[in-house]
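Some notes on the structure that comes next.
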Amino acid sequence: MEINWSTILGIIFTPIIAFIVGVTYGGLTRVITARVQNRYGPPIFQNLLDIIKLYSKESNINHGVMQHLGPVFAITASVTTLFFVPVIKDSTVFTNFSFHGDLIFLLYIMVFGSLGMALGAGQTGNPNSAIGVSRGLSQLVGYEVPFVMALVAIMIQFQTTNLNDLLAVQDHFTKWIIFQSPFAFLAAILAFLGMMGYAPFDVVIAPAEIASGPPSEFGGKYLGLMLTSRSIFTFAKLVLFTDIFLGGASDFITLLIKTFILYMIPVLTGIVFPRYRTEQSIRFFWSWPLFFGIIAILVVVF
Amino acid sequence: MSPVHFIAVPLFAAFLIPLIGKVSKELVKIIPGIVLLYLSYLSISLFPIGVNRPIVEIIAGFNPPFGITLYYGPIAAFLTTLITLVGFVIWLYSYKFIIREPTEKYYMLFMMLITGSTGIVLTGDIFNLFVFFEITSIAAYSLTAFLRDRDGAEAAFKYLLIGSFASTFFLLAIAIIYANIHTLNLADIASKIKDIPLTTRLFILILIIIGLGIESEMFPLNGWAPDAYSQAPSPVGAVFGGIVVKAAIYSLMRIIFLMFHTADVLHFLVVMGVITLLIAEMSAMKQQQIKRMLAFSSIGQMGLVIIAFGVGTEPSVRAAMFQMFNHALIKSLLFFAAGYLVFHSGSKKISALDGLGHDKPITSFFFAFGALAIIGLPPFSGFWSKLYILLSVADAGLMVPVVLILISSIIEAVYYLRVVSRLYFYKEEATDVRRTPVSGLVAMGILTVVILIVGFYPNLILHWMTPAANDLLDKAAYIKFGLFH
Amino acid sequence: MNSIEYILFITFIGAGLTFIVHHALPKLRDTLAILVSALDLYFVIQAISEKSKVVLSIADFHLIWKTTPYNNLFAVLIAVLGFLTILYAHDFMSSKDRLGYFYMNFLFALGGMYGIVYSQDFISLFFFWEIMTWASFLLVIYCCKDAQPIGLKYFVFSAIGAYSLLIAIVMLYSLSGNLELTNLISNFSNFSVSNQLIVVTLLLLGFGVKSAIMPLHVWAPGAYFISPSPFTALFSGALSKMGIFGIGLVLFKFAAQSGYFSYVQIILAWIGGITALLATFYAIFQTDAKKLLAYSSIGQLGYIIIGLAIGTPLSIASALFLTILHAAFKAMLFMATGAVYFRTGTTDMNSVSGLIRKMPFSFITALFGIITVSGVPPLGGFAAKWMLYESLIQSRHYFLVIVVFAASTAAFLYLYRFIFSLFLGQEEKEWEDVKEAPLLMVIPMLILSAFVLVVGVFPGLILDPISQSMNYLGNFNFNYETSVLFNEWGNQVDMQTVVNTIGAVFLIVGLIITFKGFKKTRYVSTKDIHTSGEIPQENENLTYAVDFYKPFERAIAPILKSSIDKIYTGIANNLEQAFDYLRYVYTGNGQTYAMYVVFFLSLLILFAELIFGINL
Amino acid sequence: MDKDFINENKTIEEIKNTFHSAEAKLQRKNRIIVKLRSDLIPPFLSYAKNYLSFDHLAHFSCVDWIEDNQFELVYILYSYEKNIIAIVKTRIDREKAEFVTVKHLWRQAETFEREFHEMYGINFTGNNRLTEFILEDWDDIPPMRRDFDTMQYSKENFYTRPGREDAQDVREVITKKSGEKIPDFAKEFSVRKLK
Amino acid sequence: MYNDKEASKIVDIIKNFARKHSLWIVAYGTGCGAIELPPTMTSRYDAERFGIRGSATPRQADVLLITGYLSVKTLKRVIRTYEQMQEPKYVIGFGSCTINGGMYWDSYNTIKALDRYLPVDVYINGCMPRPEAVISGFIKLQELIAQGKADGAKRYQENLEWYRENQRKVIKNWRMPEYNW
């Protein structure tokens, strides 16, 4: 990899932009949720305030090195994911390292964070954390399968595993993969619901049940780092989906619009649905999304 | 230096032993050893001569086909060597094992048995064969009942019962042959057998198969074997497995290859061999007595040998001989080890063997060694003979027996390894370390070393197998030498 | 003497000597074993450059041993792993008895493996295959009474495998009169199609048993579980690879010559896929760490078999890469588990917990191990998985890739459970006095950890010998650089960029979070957790370990209902019953026996002409 | 007797026929009261459960009759079949507060008994779970006994914020309002004299 | 140019602003007052407007809300919960029971003055205080935070011995884990 100014700019600015957008989207979610519930809701920058507050906590505790490093794993995964996704199409600055990795790499680096967090949560020794991790990993198996099916369908269809190639294919909005391969999109977007962890797939953190699950022993700067990571990761996932299905974006306005529309799908679903149990959600992912995934592959093959 | 010594010396010794017994008990024990040592020396020194050109000895002055001949060919050389060597090892083992009086009877019978079996191997006369057969059998019946307990007597009686069937049928066959072609010389019979009408020939064949099949432990004629093996003293088990059966199967094969060498008979032998093998191994699986288990295993091995003979090609006969050799050694080793194991555990049951591996490390080691060897695992000698049998059977295009042999091998492995596990792993600590007498250990040690050496250099034995196999298969040569043509 | 002779000679003589030395000079025993394995390692490396060949005539056969790139690959794997495990065994086994037995069989197993990998004919291969089998069997039953049925199961399955090999060998011999590999390979296309099919099936079956493919895997969990940990590492890492070695040989040297190769490939690949998936599912619900790893091992071998079966250059590369890597990481995991066992006396995941601060190095090893198994970058597992997926997708095995991916995702579950149960979680008072394993146990673990890290960054280091051995297997070429992997479509993953990014971000954020509020960040014990205000008592167990994946179990309950193991047990029991009845053929009654004789006589007389024919 | 209460009367009859010393009477529709000697309680409850179909122990309570130096145990049973509530009362000695458990009849009785053990100090033989229940580390006399002075305890143990000195005893205020006369002997325990 | 002091002042302002607008309550309902929280949080009164929301565990929370009478047994748990929270942390006494015992003024089992045992930043009066009152209490707390006066945690640390003494007096069997402040 060769280092030049555009790379450095990209490395510096992409996470910052991702953080800001992710945090704002998070705040927006809360506002929208509040409005749906006939409330006024917090200010749109509420999540930012929360994160700042968490960072400014004066005392922090951990139960050992792994808990200390757990959020670091998480943010490493988010930022790395972000770096390997072309944020802006054909931009020299915001494509970052997307030529050096491909979809399968992204699939794996995306779970890197969850695993790191799980290790951190494990070390706290809190039974709730362990229960949360158990649920989270089980659910992961659920939604990864249809997601991979969708990706495989797309990879076969366009004979590439690189995101930039996929972007190059979708040069006109009629050629967006969402239209070329709708079943793959369906499978992927249903899996995306699980990936985002909003209701009905929020059994992992289930606040009233297992005290927010894995992060239940995390506070202060650790929780702040986790929330930061979550914001960046949300944005990274949105950009990834935009790139795969919606033809990417050649400027920030388009990017924001597309990602926002995508983002609203899990958010609005989450507002109106109650929670699935773990096995229910796994069975859900292995029913319709899997079916769509199979159809997507079959459509491509024949 | 003549093959007659093989018969004469032990016979003489057998008659001498009761007399010496009046003088010295120790001498009684030593004399068989000296005799067997001498015979071993004799067999080894005669071996190269016999292999190159058969020695035919005429007894009582008449020329064949009228006189009685001894035919010392390659196969006889091989088998006498085997019998005398195994006999020597068995004597070594018996030296301390047979402590029950009257020992002179044991050694006398043992010598008789050696006489009989070497006689079977050597003789060129079918009636003489019968006579030696009777000597062997009667010695064997008595040895079975040697312990003079209820079980031994019962087993001996069963053996006697079935054995008298064998004698009767065999004698009947001889009578029919003689009535038809007026000769008793094997070579002569072989050249004239075609003169007998077909139906009579069939009848003779059936009578011989039954008569000799009983001693060769062919299913379903082997009912006597498990009892006899398990109730007789352990060295006698080794005698049966290592000597008697070998001689019997040799005589069966000799007669079949001389007189009835047709494809159908050979197929029949293969089928019988497979059945014998399978049923024996399956029955052995759930046996509760260790020596009974060994007996069934022995029957199974004989089935294997019968299969290999039945294939009837040169490599397969060679493999069968090799297997006979290995089986004689390994089964003797197993019987020796089992003898002391049973002796020390005080029970014939397998379940009584728990943890003996710690109490009696060396004996148990020999048993385990023998078990691994008889299953056919490399680098022990059993591996090569089994491999050769499989290769030759497959070469003859008989894939089904190959598969069945291997299945039976798996069963064999299972029951042997169960016993080995019991020996070593069912109890943690040694409770009562007892020593096996040195003579027994030496006997087992010799066998172990031979098994290992042959495992690494199978050529050592295989080298001599080719002439032996040819000897068995080459009917014309036998007739030629046997009748001095 | 050349290197191969040295290797075989030293190993076997060494094995015997160790046994003797154990009784004469117990102190020298371990040193001798280590020395033997070290010499082996030296000569194995020597053999690579030497290109040695040994021909030994034994009993009409020419036994040939030769170095080829493919052989060397496996030989080095065995030698390195053998050396490390023996090093590890020194302390691990120190409190056990019957060490002469242990080391002798250990070295016999090693020697058997060397014999297998260098062999160029089937007799020597089978010869050493059997030696390896019984040596490993004796080690499986080494521990205790409980091991006996397990060991017997292992032996029976091994025997089934070995004998199907033997049938194939015997068939090959009867077909071509020769058992030298080169001859057989060149003659193979002359055989009839059905013979080819039977031979290939039997050979695959034989090798498949050792690599525990799915319907034949039932021996593996128990055997891995019960054998002593140093050997388990070798068992799973190297011994099971002998199956892979054979499968590779059979597939590309024999099966590839025939027309039905593609069917064999597809069937084998799917068997591998199902193996991977089901073994993973079974692994998730194990409560014992070693059993979990055993099932994991079965699953990983499933991936390797898929890679071999697909048969594209990239997939073979991935399979061989995974072979080496699996040896490393499974050895690491078994060693870490062994270290836990060494200190706590159990590997039950429901009872051990919270050892991370007591056994940091074991934890790091286990962590590296699970990251490698899971295939998460930046460690070596990623490269292997990546190549496997890419090759599967590009060779149009779409549904197989889904199965593999599902298996590999589900693998996270058991991996997490493994490390969580042993090292993370509550630090119980019961394990307060636990210390880190001795140095000689830690060193092999750390060496392997370093290895997987290096391989993760520079997969090309290993891909060099792999591509050489692939050239030996057939004309397989694929594209790679030291740290860049390419698929057939030309897409790439630059491991160095990945590692740099991950490393940089991790370092920066890690430093920030460490130094932010450093003084007021404090460590609290795992008893000080949120328990709704309740104060945990000392004897109160807060560990969540039992039924860890109950929800998942409920979700996949239908799959788990039937177990292959039960079927086999049923068959075995029924057979034993049948045998038990059969033995009453021998009633012990003289009259019956006489009856048999008479029956047989009349049977023969009745059907005499039918049986013996008329041309007597 | 009213014809509407056939079931109740029948039950009362049955009780009286079986337990001659039982004082059983109808209180109102669906409700009967049974008073018994304490040693007859276990057989009676067993009888009530098995023969009179009182399957359910709806409640179990205790009253401290300090004047009589007795505790009154009140079992409230309910029969689903007859739709009758039976209130079974018995009295036990207060000094030597001990009674037999009925947890083998109704498992929920165990919890009640634990509570009485803690709050009244009654020992139920046969109940082996009479450990610390609701109160933690209680070392005074059981707090629901009427001779326990809660006000005094509170003053001794807790800091009381100044400004509540004029707080009045609720019971006194109520008696003042209703004009009810409290006998002197009862006053000692029920009404606190405030300074 | 700002000097260090001014810079840190600005940082403080930002910090306090964030703290003020992000108050996470640990949901620990001690008495009957907890029932007033649902209306406070939901659509009718919507306390989330002020950045107030519930959090599941004390590790994440800022505010400990004592919603009513505290029995001795509960006090033990509350102290532990409070000590598990991360600084800065605030305590709000909720209802008259926490102030002077309320209707449980003569109970043998409830404490009468919360501030003897935990450093209370804000008391909300009432029995029960209505949601409006709750919100006003929170706003009061926000003001205090903005001014930097909500230093309950600091007080607790400084006067730990005094608090401990009081706590030990009512909690007879003191089996609390000791913390390494």
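Note that the chains are named A, B, C, D and E in the order they appear, and that numbering of residues resets to 1 at the start of each chain.
In this section, contacts are C-beta pairs under 8 Å (C-beta built on N, C-alpha and C of every residue); 3 or more make two chains touch, one makes a residue touch a chain.
What you see is a predicted model, and the numbers here were worked out from it, not measured in a lab.
Peer 1: Enter the minimum step count from chain B to chain D; a value of 1 means the two chains touch.
Peer 2: Each step joins two touching chains, and the minimum needed here is 3.
Peer 1: If you check the contacts of chain B and chain E, which chains show up for both?
Peer 2: Joint contacts, listed by label: C.
Peer 1: Return the chain pair with more inter-chain C-beta contacts, choosing between D-E and A-C.
Peer 2: A-C
Peer 1: Name the most central chain, where centre means the mean of Cα atoms.
Peer 2: Nearest to the common C-alpha centre lies chain C.
Peer 1: Indicate the whole-number Å distance between the mean C-alpha point of chain B and the mean C-alpha point of chain C.
Peer 2: About 44 Å, centre to centre.
Peer 1: From the mean C-alpha coordinate of chain C to that of chain E, what's the distance rounded to whole Å?
Peer 2: Centres of chain C and chain E (C-alpha means) sit 58 Å apart.
Peer 1: If you average the Cα atoms of chain A and of chain E to get two centres, how far apart are those centres in Å?
Peer 2: 35
Peer 1: Compute the distance, rounded to whole Å, between the mean C-alpha positions of chain C and chain D.
Peer 2: Centre separation, chain C to chain D: 71 Å.
Peer 1: Would you pick out the residues of chain E that each touch at least 2 other chains?
Peer 2: Counting only residues that touch two or more other chains, chain E contributes 57, 59, 76, 87.
Peer 1: Could you pull out the residues of chain B that touch at least 2 other chains?
Peer 2: Counting only residues that touch two or more other chains, chain B contributes none.
Peer 1: By the touch rule stated above, which residues of chain C touch at least two different other chains?
Peer 2: 520, 522, 527-528, 530, 532, in rising order.
Peer 1: With touch defined as at the top, which chains are paired up in contact here?
Peer 2: Those chain pairs satisfying the definition are A-C, A-E, B-C, C-E, D-E.
Peer 1: Could you pull out which chain D residues touch chain E in their complex?
Peer 2: 134-137, 139-140, 143, 148, 150-151, 153-154, 157-161, 163-164, 167
Peer 1: Given the complex with chain C, which residues does chain A contribute to the contact?
Peer 2: Against chain C, chain A makes touches at 1, 55, 57-66, 68-69, 71-73, 75-76, 79-80, 83-84, 97, 99-102, 104-105, 108-109, 111-112, 115, 118-119, 122-128, 130-131, 133-135, 137-138, 140-142, 144-145, 148-149, 152-153, 155-156, 159-162, 165, 211, 216-217, 220-222, 225, 277-279, 282-283, 286, 293, 297, 301.
Peer 1: Would you tell me which residues of chain E are touching chain A in their complex?
Peer 2: By the definition above, chain E touches chain A via 14-15, 17-19, 21-22, 24, 42-43, 46, 48-51, 53-57, 59-62, 85-88.
Peer 1: Residue numbers of chain B touching chain C in their complex, please.
Peer 2: Touching chain C: residues 157-158, 161-162, 165, 169, 198, 201-203, 205-206, 209-210, 214, 220-221, 223-224, 226-227, 260, 262-265, 268, 279, 282-287, 296, 372, 377-379, 383-384, 387-388, 390-391, 393-395, 397, 399, 402-403, 406-407, 409-411, 413-414, 417-418, 421-422, 424-428, 456-459, 462 of chain B.
Peer 1: Write out the stretch or stretches of chain C touching chain A in their complex.
Peer 2: 354, 356-357, 367, 371, 374-377, 382, 385-386, 389-390, 393, 396, 398-399, 401-402, 405-406, 409-410, 412-413, 416, 419-420, 424-427, 487, 489, 491-494, 496-498, 500-502, 505-506, 509-510, 513-514, 516-517, 520-532, 542-545, 548-552, 554-556
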